[in-house]
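Presented sequentially are two complexes of chain A, the first with chain B as partner and the second with chain C.
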Partner chain A sequence: MSDKEKLFQERFKRYTVALECGKPDKVPVVFPLGEWVVKYTNTTLQEAYYNVDKSNEIIGDVIRDLDFDVMFGAINLWWPPMFDGMDCKLYKFPGIYFEENSGFQYVEEEYMKAEDYDEFIANPTQWLATKYLPRICGEFAEPGSYRATVALIKGAAAFAMHNDKLTKTGEKWAKEYGIVSATTGMTKAPFDTLGDALRGTKGILLDLRRRPDKVLAACEAIVPHNIAYAMITAAGDTSLPCFAPLHKGAYPFLSLEHWQKYYWPSWKAVIEGLWALGKRTFFFAEGDWTPYLEKIAELPDKSIVFCIDLTDAKKAKKVLGGRFCLYGGVPTTLLTYGTPEEVKDCVKRAIDELGGDGGFVLAAGGVVMSDAKRENIVAMIEAAREYGVY
Partner chain B sequence: MGPLSLAMAELDEKRVLELVKMALLEGKSPLEIVEECRRGLKVVGERYSWGEYFLSDLIMSAEIFQEVLRVLEPYLPIALPLAEQPHKADIVFGTVEGDIHDIGKNITISLLRCEGFRVYDAGVDIPPDVFVTLLKETGAKVLALSALLTSSFEAMRRTVQLVRMMTAKQPVRIIIGGLVNERVCRYVGADAWVREAGEGVAICRRWLGMRVVKGQAGGLGAL
Partner chain C sequence: MVENKMKSFVPEAGTCIPWKIKKEEFGVLAGNEEIVKSSWEMLDALAYAFIWFWVQR
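Right after this comes the complex of A and B.
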């Protein structure tokens, strides 16, 4: 076994022991990968998005001399050619719509109309293939046509190619740098699938009062899809948790009553379904989830890693600590607007408050974007090693 | 509080519309009906501010109010701006260049219109010079800039600088909204910052005065 492989085993153990709520030798620390790494090179964001090999080169240069355990995030969450090849209007990417150093953005619309609910509920896959795809992709305008069929193949092939690249990249980081990936696979809460991608934020929030039964039925119909999607995108891996970016379950979108009735049951079903397959969920609770912590605590022990963004960390520790691994501790705003000294103090405090008895992973609380400062991220990682020895 | 205000406060869409139609049949003035709805909306805002209501409720209340205005439109002597763009506006509102997020902007515009302000919705990804043109064309005294991405603060700053330079003869107060704070506000050079739609409405009220005044046609004209 090479030194790097030994290092990988050591870090993998450190991370997974924490995920199991145990106490490793040190607090595992996560490198927040994001668009910010491109800022320190003469490459444009456009090039980094489109050229995966180039972006890997950039990442390699940044992480070479840093001592951390786990990597989370990406420069390019989505590979634009996959969307460009289908003439898809869901995202706007730098260089084509925005200037070449802007991040990508999602174009939210009511791609699914209120009158589509029944057909969607009856057969979500069929509805997506015959109604949704033609609405979001120019190449699918005529479902069943030669052009649409080729587009379907192109899209699937590009998705597979990109996933393959990501897997190989993960292997490269493991082998050459001894770095563990934070997650494998991706899924969402059914309410977010419906609200983010199909009905839009306003659409789904009005539906809660105008056609609540349809919302419930649609969320239920999505559950098996989101379990399958997680396992497919993870290529069956169960050693690491499945990434689940969560949106409309954050305070103050929904009242506790609405949250319990419409957001939670189907999302809980996905988490429990995955847990039954041995797959843990990376509960990426963007925003503030404080009012819902008690409900989240009903999940099977260890079935999630709870990420603290704006959630009250002390309360999260009290309600979830010991039974679920907690992840976070450093606000993303501090990494952008703070100083290395402030970041260092924050890391010390986070480890004291959250890490005392294990079951804690030190990381940025959310997605670190293009505006983060390298010196702050280096300070975070160094401070984690300084204060994070059990 | 009357039954209409109450139904509005409870966000009972069906009942609000029933009561509005009934009131019209009874010969109640559209102005009185609007005023009753607004009293209900005020309760919605209060309930939101102390945490009883949530974002979904706020969006619902604005939606119901827009529907009421649609029902009332044929009965009014003057045209209501509803969601259409006014030629003259009190407020020009848009998401800055490089950012296409609009939920916060849309919620706030709905609430401002509920309060009777004429709001010109500039849309998203708006370059600084377009804001300047819109301010001149509409004669607006307030510019509201929205952004979700922290990377958009630069665009806010550029917009504020250009507006200050180009509208010297038409003093414009600038408010920013999104994930902003005092530090961002100072950096971009705005006059006020808010994180909540309700706070934004309160500041516009302070800057521009109240709009709808009960029983005065002039008040309605401003609506």
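Right after this comes the complex of A and C.
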């Protein structure tokens, strides 16, 4: 076994012991990968988005001399050539729509209409393939045409190519740097699946008043799919948690009554369904989830990793600590607007308050985007090693 | 003209065209069914992930 392989095993054990609410030798620390790494190079964001190999070179230069355990995030979360090949309307990237150093943008619309609910609920996968894809992709304007057929071939090929690149990249970080991936696979809360990319924010909020039964029925219909999607995208892995970015469940987007009735039951069903298969959920609770902590505590022990962004950390520790691994402790805003000294103080405080008896992973509380400062990221990692020894 | 043998069905989660549906369309398989089945299911899962990818942003 090489030194890097030994290092990987050591870090993997450190991380997974914490996920199981145990106390490892040190508090595991997570490197927050994001677009911020690009601004310290001569590369444009457009090139980093389009060229996965180039973005990997950039990441390699940044992480080479840093001592951390786990990597979370990506530069190439969405690979623009796949979207270009199908003329997909969901995202706009630098290059065609924006100048080359702009970030990507999501274009939210009611891609699923209110009158589509019944057909979607009856056969979600078929509805997505035959109704949704033609609506979101310009090249599919005439399904079955030459243009549509070629676009489908390109889209599927790009999907397979990009997934292969991501898999190989994870293997490279493990083999050459001894770094562990934070998660494997992806899922979402059914309410977010429905509200983000199908009905849109305005659509689903109106639906809560005008057709609430349809919202509930659609969320129920999505539950088995979000379990299946998680396991397929994780390639069956159960050693690491499944990434679950949560959007419309943060307080106060929904009232407590609406959250309990429309958001939580189907999301809880996905988490419990995954846990029954041995898969833990990476409960990526961006924003504030403080009012919902008691409901979250109803989940089976250890079935989630609860990520603290703006949630009251002390209350999260009190309500969830010991039964669920807690993750976070450093606000993303501090990594952008703070100083290295402030970041170090924050890390020390987070470890004291959240990590004293194990079951804690030190990380940024949310996705770190392009505006973070490199010196603050380095300060976070160094402070975690300084204060995070048990 | 090719005979249309395709049945209508609701695929269970994780599948687009389940093996049991396609197997009926193939009829009796002359060789090793397991090899055909496992390859079918692997590609079917990839197609499923592709279709659902667009709403799991």
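Operating definition for what follows: the second predicted complex is superposed on the first by the 384 of 390 C-alpha atoms of A that agree within 3 Å, B and C clash if a C-alpha of one lies under 4 Å from a C-alpha of the other, contacts with A are read in each partner's own complex, and residues count from 1 in each chain.
Methods note: a contact is a pair of C-beta atoms (placed from the backbone, for glycine too) under 8 Å apart; a residue touches a chain by one contact, two chains touch by 3 or more.
Just so we're clear, the structure is a prediction, and the values are computed from it rather than from any experiment.
J.: For A:Phe98, select first, second, both or neither according to whether it touches chain B, chain C, the two together, or no partner.
T.: first
J.: After superposition on the shared chain, which partner residues are touched by A:Gly60: those of chain B (first), chain C (second), both, or neither?
T.: neither
J.: Applying the touch criterion given at the start, work out whether A:Asp196 contacts chain B, chain C, both or neither, answering first, second, both or neither.
T.: second
J.: With both complexes superposed on chain A, which partner does A:Thr233 reach: first (chain B), second (chain C), both or neither?
T.: Second partner only.
J.: Mind working out whether A:Gly356 is in touch with chain B, chain C, both or neither, as first, second, both or neither?
T.: Neither: A:Gly356 stays clear of chain B and chain C.
J.: Can you list the residues on chain C that touch chain A in the complex?
T.: Against chain A, chain C makes touches at 10-16, 45-57.
J.: Quick check on the complex: what are the chain B residues that touch chain A?
T.: 11, 13, 51, 53-57, 59-60, 63, 98-101, 103, 106, 149-151, 183
J.: What part of chain A is in contact with chain B in the complex they form?
T.: Answer in residue numbers: 92, 98-99, 102-103, 105, 107-108, 201-202, 205-206, 208-210, 251-255, 258, 333, 336-337, 369-371.
J.: Write out the stretch or stretches of chain A touching chain C in their complex.
T.: 88, 90, 106, 122-123, 125-126, 128-129, 132-133, 136, 155-156, 159-160, 186-188, 193, 196-198, 224-229, 231-233
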